[in-house]
Amino acid sequence: MNMFKSMAIGVAGLAMATVATVGVANAWEPTKPVDFIIMAGKGGGADKMARLMQSIVEKENLANRPLVPTNKSGGSGAEALIAAKKAADPDHTIMVTLNSFFTTPLRQPGIDVDIMSFAPVGRMAEDTFLLWVHKDSGLKTFEDFLAKAKADGNKWVMGGTGKNSEDNIITDFLNNNYGLDIKYIPYKGGGAVAKDVAGKQVNSSVNNPSEALGFYESGDMVPLVAFTDERLPMFPDVPTLKEKGADFSYFMQRAVVGAPGMSDEALAYYTDLFTKVYNSADWQKYKSSKSLMGDFMAGQALRDYWTTQRNRHESILRASGAIK
Amino acid sequence: MRRAEIVTAVLLGFFSVYLMWKSGEPPAWDPDVPRFANIGMIDGEGPGSGFWPFWLSAIMLVSCVWIGINWYRKKSPPSVSEEPFLDSYGKRTLFFVGMGLLGFLILIHIIGFYGGILVFMIYYMRFLGRHGWGITSLVSVSLVVFSFFFFDIAMRIVLPKGYLEPLFIPLYDMFL
Amino acid sequence: MEILLSLFNGILIALEPINLGLAVIGVVVGLFVGAMPGLGSVNGVAILLPFTFVIQSFTGGATSPMIFLAAIYYGAMYGGAISSITLGIPGASTAVATTFDGRPLAMKGMAHVALVAAALASFIGGTVSNVLFTAFAPLLASVALSFGNPEIFALMLLAFATFVGLGGDDIPKTLFSICFGLVLATVGFDIISGEPRLIFFDITGFSHGIRFLVLAIGVYGIGEMIWTINTSRYGSSMSKVDVSWASMIDAMKRFQEAWRGTLIGSLLGFFVGILPAAGATPGSLMSYGVTKMLSKNPKEYGKGAIDGVAAPEAANNSASTGAMLPMMTLGIPGSPTTAVLLAGMVIWGLQPGPLLFTNQPDFVWPLIGSFYVSNLVAVLVNLAFIPVFLWMLRMPFTILAPLIFVLSLVGTYAAYMDMFDVWLMVFVGVGAFFLRILDYPVAPAVLAIVLGPIAEPKLRQSLLLSDGDFSIFFTRPIAGPITVIAIILILLPLFKVIYDKIKGKPAEA
């Protein structure tokens, strides 16, 4: 129990049994607080999810030592990758990753990180992307969008998170596949992008649902197309790009990895821990309310997924000229 | 102090030139881009990635030249000051405090923050401050205990412990 | 009327024993976390976020957890002033401007006046912004939406303009300091081009940029401290300060002198606070600058003006309430702390956005009610603790100095969890000590590193929007006037020099 907890509970008059209910089946258990690196800054999608996972672990008392989140957003995730690679104690170092896990080692070969050396703890979800415009634009369908963006040329502006990021990759695909000349403006975070679409500062975005939901509910932002394989349960009327004839879908991985050099026993422990988190009611509720896809995946299956994703990103980045 | 003024200005001038050179660095993955390709305005895009740091460093360089001119014309207070840059007391202070901080930093890597705090406090209070052993050990030990409970236990900010880590495992068992 | 009724109900809920208890605990926790150099409201809020899940499972609803975190946020804003004044180290970026006059006051033996002024100004700032928030929240949300990239850049330009006079008398050294801070702000990763920049000697530590607190704690905790040890020579303690009822009452009376700064800080802080991307730090800096500009005797600033403490403190409390607005109604955080609060709201199952006020009145109104309650609790708790903090100042120098060094190192580590930053902080501090002897002003560099990372991307995003055409800053209805005012203010000292030259007067030294 930590000090503030004790104080708070004392005053609030809440009686709570502090029985440790973990550690029945596991041979290995952490002996000190676990370093929980977040590969992004505070407030982004990855950060929110990491803090939710941490909260679930605390609430359900799943681990005997706390997870201590540390944001390392420097160099588009390079800082986090290096910190994990150099971790003094790999058994107590885990990291929440996104797609920069694939792109950053390609874009910055100098950091010399092999992503296959990381321990595959578990993939918690895949985040989805939709194309958003402001309701006042009058655009109702993806075809409307194509016509308008084509007519506007480079006066049509897309806001997105970072250069050569997920948002940029999707924008590049739209430009190349439909002969558009959309101008892409990088922002620091997805929330700021959504706000600028709602405030009509930019014309469109490819926000994750969780970032745009507030403005979707208020009716300011309208989704036109989903970059998924099947229609999203939350947006049943929004067609996928595949229905529109393009063989393209794109997801953001939300996975937990262990530092390179993590022992098999520790890996088994964390996989078990995050399986419990994944199966918790809170995680499932979050997953459905934010329109996340993807089942839990760990071990060799997750490694194979990484191989596919890395190769795919390599060819995408090469095609757009972001790497040689 | 007059000499220190111009020496500092020249050193900062060189530093500004280094920053200008560094700002023009091409991206690591693309050896074909020449240096200083990014410091101007890119057509239709506005300033490149090196624009802001390069030109600001250039202003820094101009400022250094300006400081030099003021020095030559004896316009700024330090350039006419007869006082030494650091007198013997100042040098001693800087040496003992500086060495103490350097030692503290190195110790953090070996025996961690808590060991380092203990050694640094004893060094400063006993040997620089000439306090008695009683008050020295009281303040040092209570600072270490307070820091551990404040940071590691209450705030969950795990400070590095170096080679002393095994000593803390039982404490985690008790308090976390 | 409807608003008043909702507010009244909200305050009643905030006064329920459990909520009031959580508010008191939150304020106390926040006060101490905020007073610790390096730690700020963001640490307190982030660390106790998982615990709110536990609160929620007892009380249901998101109201009590949010009241708890908001109280921490409030308490920390009060606490930040304490280390700025007593130790001379800004506890968080929001409290930097408080050191400018708070520290000189403490050195003069008037720490009690500064602390009381900070507490009362914070209270007034908090109250003013609560009233504005209550009355105009939905309207202000649309104002925030109309601020795009060019508008934010224009605002940053204005923030710089209010600081032109902040440096010392030596123009080239001030210029050097500003530019140096702005260059340091570009170290790290450039989001527009997606490339790393200025990674000195390929050390990975630079890839996250040179963090604000590394510079601030280095300059104030190490540099200023060594300088003080060197100049105070054989003096035994930082200052003689009188801790008695009479002196506290006297301090409260002297607060009357600070009405102007408090008023400016309360209003300006709130307005800057509601703009996304700006937040409480630029708000408090601008309030300090504007108060100084409008003052009858600006020469007193930096030497111990009570207004110079009241303005930034009123502003940072006002801005922190203001920053709740874009977080709740637009879902975008204006500061790291609101980013964590936002994560909290999402975790508790709320959807921030324009509809929050209409869809979740049961959450919104008790929370607003709790702002009023927490603010009152915070000022009382803060005033009660002032004698304890004053006692620290009376410690012998040979105990206080090593304590400050230890706090500087531990605080820097705690803020960023990176030993590289701790080394860099000490290195910066020793460098700042040398520059201090030669009269280089360091405050402009510290300010520049706060404003630079906001200003540069906004400039470039704007120019991307306009195909590289600078007229975008002048032709837009909101950005235009702000830019013009900022440019006039920046050039004002230059005009003055030219005017004096023509008149044949010697330029002011």
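Order as written gives the chain letters A, B and C; numbering starts at 1 within each chain.
Convention: a contact is a pair of C-beta atoms (placed from the backbone, for glycine too) under 8 Å apart; a residue touches a chain by one contact, two chains touch by 3 or more.
Since this is a predicted model, take the numbers as computed values, not measurements.
The chain with its Cα centre farthest from the Cα centre of chain A is B. Among the chains, the centre nearest to the mean of all shown protein C-alpha atoms is found for C.
Inter-chain spacing, taken between the CA centroids of chain A and chain B, is 35 Å. Chain A and chain C have Cα centroids lying 31 Å from one another. Averaged C-alpha coordinates give centres for chain B and chain C that are 22 Å from one another. Listed for chain C are residues 47, 192-193, 195-196, 417, 464, 467, each touching two or more other chains. Listed for chain B are residues 28, 44, 156-157, each touching two or more other chains. Shared interface positions of chain A, i.e. residues touching 2 or more other chains, are given as 4, 107-108, 110, 154. The touching residues of chain B, when paired with chain C in their complex, are 1, 4-5, 8, 12, 19, 22-23, 25, 27-28, 38, 41-50, 52-53, 56-57, 59-60, 63-64, 66-67, 70, 76-78, 85-86, 89-90, 93-94, 97-98, 100-102, 104-105, 108-109, 113, 117, 120-121, 124-125, 128-131, 135, 139, 143, 147, 150-151, 155-157, 159-160. Here chain A touches chain B in the complex through residues 1-4, 31-33, 35, 65-66, 68, 107-110, 154, 323-324, going by the rule given at the top.
On the chain C side of its complex with chain A, the touching residues are 18, 21-22, 24-25, 29, 42, 46-55, 57-58, 68, 145-149, 188-189, 191-196, 202, 204, 207-209, 276-277, 326, 330-333, 336, 338-340, 342-344, 346-347, 349, 351-356, 359, 417, 457, 461, 464-465, 467.
Those residues of chain A lying in contact with chain C across their complex are 4-5, 7-8, 11-14, 16, 41-43, 47-48, 51-52, 54-59, 69-70, 72-76, 78-79, 82, 107-108, 110-111, 154, 157, 162-165, 183, 185-189, 191-192, 194-196, 198-199, 201-202, 210-211, 213-215, 217-218, 220, 285-286, 289, 322. Of all residues in chain B, only 28-30, 44, 149, 152-154, 156-158, 165, 168-169, 172, 175-176 touch chain A in the complex they form.
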